[in-house]
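Heads up, the next two complexes both have chain A, just with different partners, chain B and then chain C.
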Partner chain A sequence: MKKTVAYTVLIFIISLQLYNSFAVQRFPKPEFESGYIQPPTSTPDPRSEAFAILDVVVLIATLSVVTWMVLKKRNRNGVFWISIFSIAYFGFFCEGCICAVGSVQNVTYALFNPVYSIPITVIAFFAIPIIFTVFFGRTFCAGVCPLGAIQDIFVLRPVTLKSWLLKVLGLIPFIYLGLSILYAATSTDFIICRYDPFVGFFRLNASFTMFMLGGIFLLLGVFIARPYCRFLCPYGVILNLVSRVSKKHLTITPAKCIQCKLCENSCPFGAIDKPVQVKEKEESHKAVRRIMLLTIIIPLLVLIGGYVGSRFHENLARVNHNVQLAQILLNPNNTQPDSFEVTAFKSSGKSTEEFFKETALIVNKFYIGGWILGGFLGLVFGLTLTSLSIFKYQEDYTPNKGTCLSCARCIDFCPVKEDER
Partner chain B sequence: MSKLKKVIENVRLWKGVAIVAGVYSFIFCVLIIANFTQINRVDPVNTKVLNTLVERLKENPNDNQLREEIRELDLLARKAYFTNQWQIKNGGYMLMIGVLVLIIALQFIRLATKGLPVVDNENDDKLLYTQNKARKWISIGGATLVVVALVFAFLTQNQLKSTFINAAQASNNEEKSQVSNSPVVQETTQAKVVETPKNVTAEVTDANKEKKLEVTTSKEEKKEQVQQPQVSNQVVTAANYPSDNELKNNFPNFRGFGGNAIAYQKNIPVSWDGSSGQNVLWKVAIPLPGYNSPVIWGDKIFVAGANASKREVYCFERNSGKLLWIANADNIQGSPLKAPDVQGDTGQSAPTISTDGKRVYVIFANGDIMAVDMNGTRVWAKNLGVPQNHYGHSSSLIAYKNLVIVQYDQRTNPRVLALSSATGDEVWSTPRKVKISWSSPIIVNTGIRAELMLVAEPSVSSYDPTTGKQLWSIDCISGEVGPSLAYADGVVFALNEYASLTAIKVGNTPQKLWESSDYLSDVPSPVATDKYLFVVTSYGTVVCYDAKTGTSYWTKEFENGFYSSPVIAEDKVYLMDKQGTMHIFKADKVYASLGEPKLGEKTVTTPAFANGRIYIRGDKNLYCIGK
Partner chain C sequence: MESSDNKKSKISRREFINSSVRFSIVLGIGAIGGRLLTRSHARQMVWQLDTSKCIQCGRCATNCVKTPSAVKCVHVYSMCGYCDLCGGYFRPETKELTTAAENQLCPTSAIRRKFVEDPFFQYDIDEKLCIGCGKCVKGCGAFGNGSLQLQVRHDLCDNCNECAIARDCPAGAFSRVSSDSPYLFSGFDSKKKG
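Entry: the complex of A and B
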């Protein structure tokens, strides 16, 4: 039986390779008589249609299996091995692209640029994990996302961070999400992909800086579990919000919690909500007054955020290549020889009038974007502060549906068996 | 199985492996960092030693030994640089292997030493404490963010938007002042007359012409005052244009009447020899280069030429080859200061001129479009915006009734537009959902109506040439489309390299008749009769198909490739190869050569035909062939 499985896997991998070898480029690269060999490109070639479909099929299959492992089999080892598969397939085989994390930008770009025709595969990679999360929690993060999976195997000596610190650091992904949407919407850059710390490993072509960044994240991950997922991942923000309404979320215990506390420190991500006694409750008039105050303050925070964002828009706009080029062209003190960008612009024949007008429009987009981004962050800060004033009575140890990555580690620590229901 | 379990649970073993892998990884990590630091510090082509030696060589340029020494040193420095790069790359892989082994070992150690979790009753964070502290730090964090952002914003603020708007305004003023300061602006047309060669001055400098020039100038001034003159309806309705018969009797645009590569002229010669001068009636040099083809109206023949700084239209006397006039396309409002960067084999003047017998219309790679009358006097000129086209704009113009139609398939805002032939004002413009193309429009009468047909990825589309309304479209093509369409008997043929050849039965619901992908073209256009389709490839193969079924009748390989498009005249296909040999063969299902006369000059353009004459633009010269 095992042999059959091994042979099937082997044949599958060989057939994939064979398919690749038969793939013909639509516009073949020129051949040089001098024997010059063209260097490989730093980004992977576009996937053939068949492979794009296969990627979606594998995504759905992996998500289904990992969800089944977490919710039905309650098996941490299974989740671990699926993580290894995901690193191999979505990481090394797909070279880290397409990934659900980066797809946020494609979706934004498509919404703001009607000319851009977003591939169905990208929509699938964006939507399918969200759909699974709506029903089953963040099983995508558990073992399907290659960025999460590669960090997960480095979780060796996790330290427990203070709960309040987790709340504070948990706001960073909102900022990153806002910035990545702003830059995608203004056709500036896909910053999630540009600063993806692990994609260089998957493509085996990491630049030194990328290599160092990825290395630091992985080393940090030995002690602070999955730092990128928890304190940066913009897609995680969406999954966090969606997961809160999931009906069939992972539970620590399959039956009634016996308050043994064994699971209390089992979660390296600090995603277990502990029981809260009624005696811990704040005097109600104090809490009510604070909540009312914060509710009034939220619109003010949105306005302040918007104002600050709009004031900061020029700094945000300077990331845009056209803005950078326009500044170079306008710099009277620039005595340097023309850069490639300046040479390219000059040889394009485009009039400077037209170019400066376009650039002014880009800056204006950033002004509007700055208002929206700042307002959004003000809202996030306001709502977080309000939520931190709400007392929620809780009897048992339960996973926090928003921050729990459904990795199933806590399950191993629970002494209650399913048949004890 | 139990053996394997024992190995996995052997903590001592895994600790040893972890230590070795850890030390190994650490060493590699240090080496990579050191290597990177070194590689970043060194510029292999700019070392102190090398520079000193180069300086010494400059003082003593005949010192060959020193030259060799520099070469060796240079090679050594480059080798060292690339070796360092190789070391970093491969070192990275080695490090990855080391880290992988380390992680596996550590995971096994963790598994083997896994005990019961510690239950800590004292260290619990209370909810209120957590909430208070989180609120406090979130507030501090938020406030810090606000302060830092505001400080940054105020320190670095320099009104980018208004700066750019002012810069745009300044650029505009600069361009305008360049135009207005030019003495040519008010006397553009006079300047053209001055530039006209002496031998034709008698024709163009008489008093009547002077009057006409004044009228034209005043018209231009009026046009500047009123930006949008409402002339479009008058233009379309007034029947002030040549009939189809007149157009057929001339050769008014690229590939003749309707752009469909059928010549209606008679007694076309089939033999000549450029080197001996046999049947070459005249040959004149064309001042500026261009890949556009000649067009003919009456006794005049027109070509255009351009380089990065100059754009011109030339008119020659058809019988003598005498240069009658040159019209400069200069001082055109909105024209970019610098010519666009185009590919050498497209050039600044690839689109062919079009004429309706009243005016001559020309477009260049920088988007300048101009109309001059038959005496070279400018009637109007404007810039359509530099075409965003990485090889250079090459789609030819086509005049239709009182319109000049421009296929402007560029990167952003691809469109087809019609300008009033009298004023240059836009009469209609239809956006197109296509990629950049290099093909030219054709206008054919399908028996029901006149249709303007265009091809570009992804479709062949038909438009009403009077209104610009799209009549039908069919997806059938991809890639960088260069060849134009061919039409005959209700069927239009489209093809492109790396795509396919498709025959489409035209109509409101067009249908694909047949497809083939054996022989495709990236430059030359096909030509069709009711029965046959002739496909020409740039690598030298010519194929004859049954136009209705796609059955291949014959395939012929020629030694030289083709950029020129074939034209059918008197049931003969005239096809010029890149080396200047005209292949003349019967437009029939059996290949029968009728002659292979040589011009003696390379050519990539398509010839123009007149009764008893054939006009060919070579690399540098314009030829008239006839008896």
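Entry: the complex of A and C
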């Protein structure tokens, strides 16, 4: 009996000690005589949960309205006003977070880190635009995405870019997507959020460099329409691929294309496919040769890409905070005082061996990630080559289902009226 | 005639491929969503820093996307010793315990010293002035009870998808916490508010 009591007391004391390890009560709390009442520590609540639900409701509502405007009403003005609303709501009111573009990282992070419990609203922001795109094309990009919308109102004097340039620059988003997934999966950083050029405007607060970057993008966007969307956006890559198989899609003409060429240059994004004359039929042995070549080249490119990626894994890993810290710990610089990182590590009481082991695991993840990333980019490169060499026959002016942002500008250029039956 | 038949069959073949790809995309998104839903959270997650890890490096004041920072010093009164010589209020080399600005540790004079009864003083943080630099927190932790603590104030925080301080915090003190217990005070009464 006595023993148990003694143990309980001991355990109690030890647990108290552990509990107090940071805050040492050096000075006991005074016993006030004047009837002093201690004020409470204030703990203001976060934004109410209702707002998060409201965000998702507004997302679905704006997506539905834009889709209706693009596919049924065929009305550019409607799309424009919804973009203004999206800038106001998803941009300035929500201050840019959470957005579908960034949610890619949350989803990856959640898939690779079971401890992170991802809020349902974030899943909704990731999935709902994709589902809409599968059925109706990139109507999300047309007027719901705040990043796209703010660029869209700056599309004033768009110039036409060469199609080979579009293809080359169009590879950048794949690299960006691959990197952001790699860094999210390894819990390193959310680079899409870090280098989001427009969120500073939405918050009316950002570092000077980010403001400059955002400003440059917007000014550039006057001539090169929506530069972020077309040549950077990682979520746009996903939507681009998904949209190619979409069930419905914006059409330029309400009835039948009469090849009047009026819409030819109406798309600021160069997303209208022109009619291609029927070429002489390719000789069959040539086609066979080409297919053989591609079946060799694509796997080869994947392998080369993967190998190169894995070679660079240490450079990729250097972004990771733990890897950086491990490097400093391995090569201590005694002439300078400890950095904050080193101080914090020393005061955390973690053993160096354990930490190095953990870091080695992270670096290993980057090695695997380097292979996958490189292989993926090799594949993308190969497929782009293929798409250049494949000859697509087409009669009419049609929007390219992948790159068309469903902004509905071209509709006004088509002279054909809907047949009234 | 023949060629138009050919075209039709080509179109229907393409439509068939498209719809199967479409189906698999929806299925894939459903699978990812379903998998994540099993461990997702109906509540929002908000950013908070763990006071027991924080080393008061000063980046909380500079790296927040808001100016001034959404991180502020918070006084946990129930841990305070109400000292006359407050390690969080006065500079270490201070001779006279007066409220003269040159005696104060806080660069913005955000701490208010109020006489309670001999020899005790109450210290309040003026959050409008506090920039979250953590100087007072360091002083209080070194010489006092550690009742001054840095915390993300959720009325000010934008809850960025990735907190700009979190990625640069040298101590890894930031984490996402559930919005129903959004503060991480360390000390005697981190469970009850007080």
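Criterion: the second predicted complex is superposed on the first by the 358 of 421 C-alpha atoms of A that agree within 3 Å, B and C clash if a C-alpha of one lies under 4 Å from a C-alpha of the other, contacts with A are read in each partner's own complex, and residues count from 1 in each chain.
Here is the rule we use: contacts are C-beta pairs under 8 Å (C-beta built on N, C-alpha and C of every residue); 3 or more make two chains touch, one makes a residue touch a chain.
Because the structure is predicted, anything quoted here is derived from the model rather than measured.
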Touching A:Ala206 in the superposition: chain B (first), chain C (second), both, neither? both
Identify the partner contact of A:Gln38: answer first if only chain B is touched, second if only chain C is, both if each is, neither if none is. second
Counting only touches as set out at the top, which of chain B and chain C does A:Ser347 meet: first, second, both, neither? both
Just checking: does A:Val242 make contact with chain B only, chain C only, both, or neither of them? Give me first, second, both or neither. second
Report for A:Ala127: first if it touches chain B alone, second if chain C alone, otherwise both or neither. second
Partner chain(s) touched by A:Val363 [first = chain B, second = chain C, both, neither]: first
Look at A:Ala225 in the shared chain and tell me whether it touches chain B only, chain C only, both, or neither; answer first, second, both or neither. neither
Which chain A residues are contacted by chain C in one complex and by chain B in the other? 26-27, 206, 347-348
Under the definition above, what is the set of chain A residues touching chain B in their complex? 26-27, 115, 153-154, 156, 162-165, 167-168, 171, 201, 204, 206, 208, 211, 215, 218, 260-266, 274, 276, 280, 282, 301, 304-305, 308-309, 311-312, 314-315, 317, 323, 326-327, 329-330, 346-357, 359-360, 363-364, 367, 377, 381, 384-385, 388-389, 391, 413
Touching residues (chain side chain A, partner chain C) in the complex: 19-30, 32-34, 36, 38-47, 49, 52, 95, 97-99, 102-103, 105-107, 110-111, 114, 116-121, 123, 127, 130-131, 134-135, 189-190, 193-194, 203, 205-206, 242, 245-247, 321, 339-341, 343-344, 347-348
Chain B residues within the chain A interface of the complex: 29, 32, 36, 88, 92-93, 96, 99, 103, 106-107, 110, 116-121, 124-131, 133-135, 137-139, 141-142, 145-146, 149-150, 152-154, 156-158, 160-165, 167-169, 171-172, 175, 334, 336-341, 366, 385-386, 412, 479, 498
Which residues of chain C touch chain A in the complex? 17-19, 21-22, 25-26, 29, 32-33, 35-37, 39-46, 51-53, 55, 57, 59, 65-67, 74-83, 116-117, 120, 122, 124, 141, 143-147, 153-155, 157-162, 164, 167, 170-172, 176, 179, 182-183, 185-188, 193-194
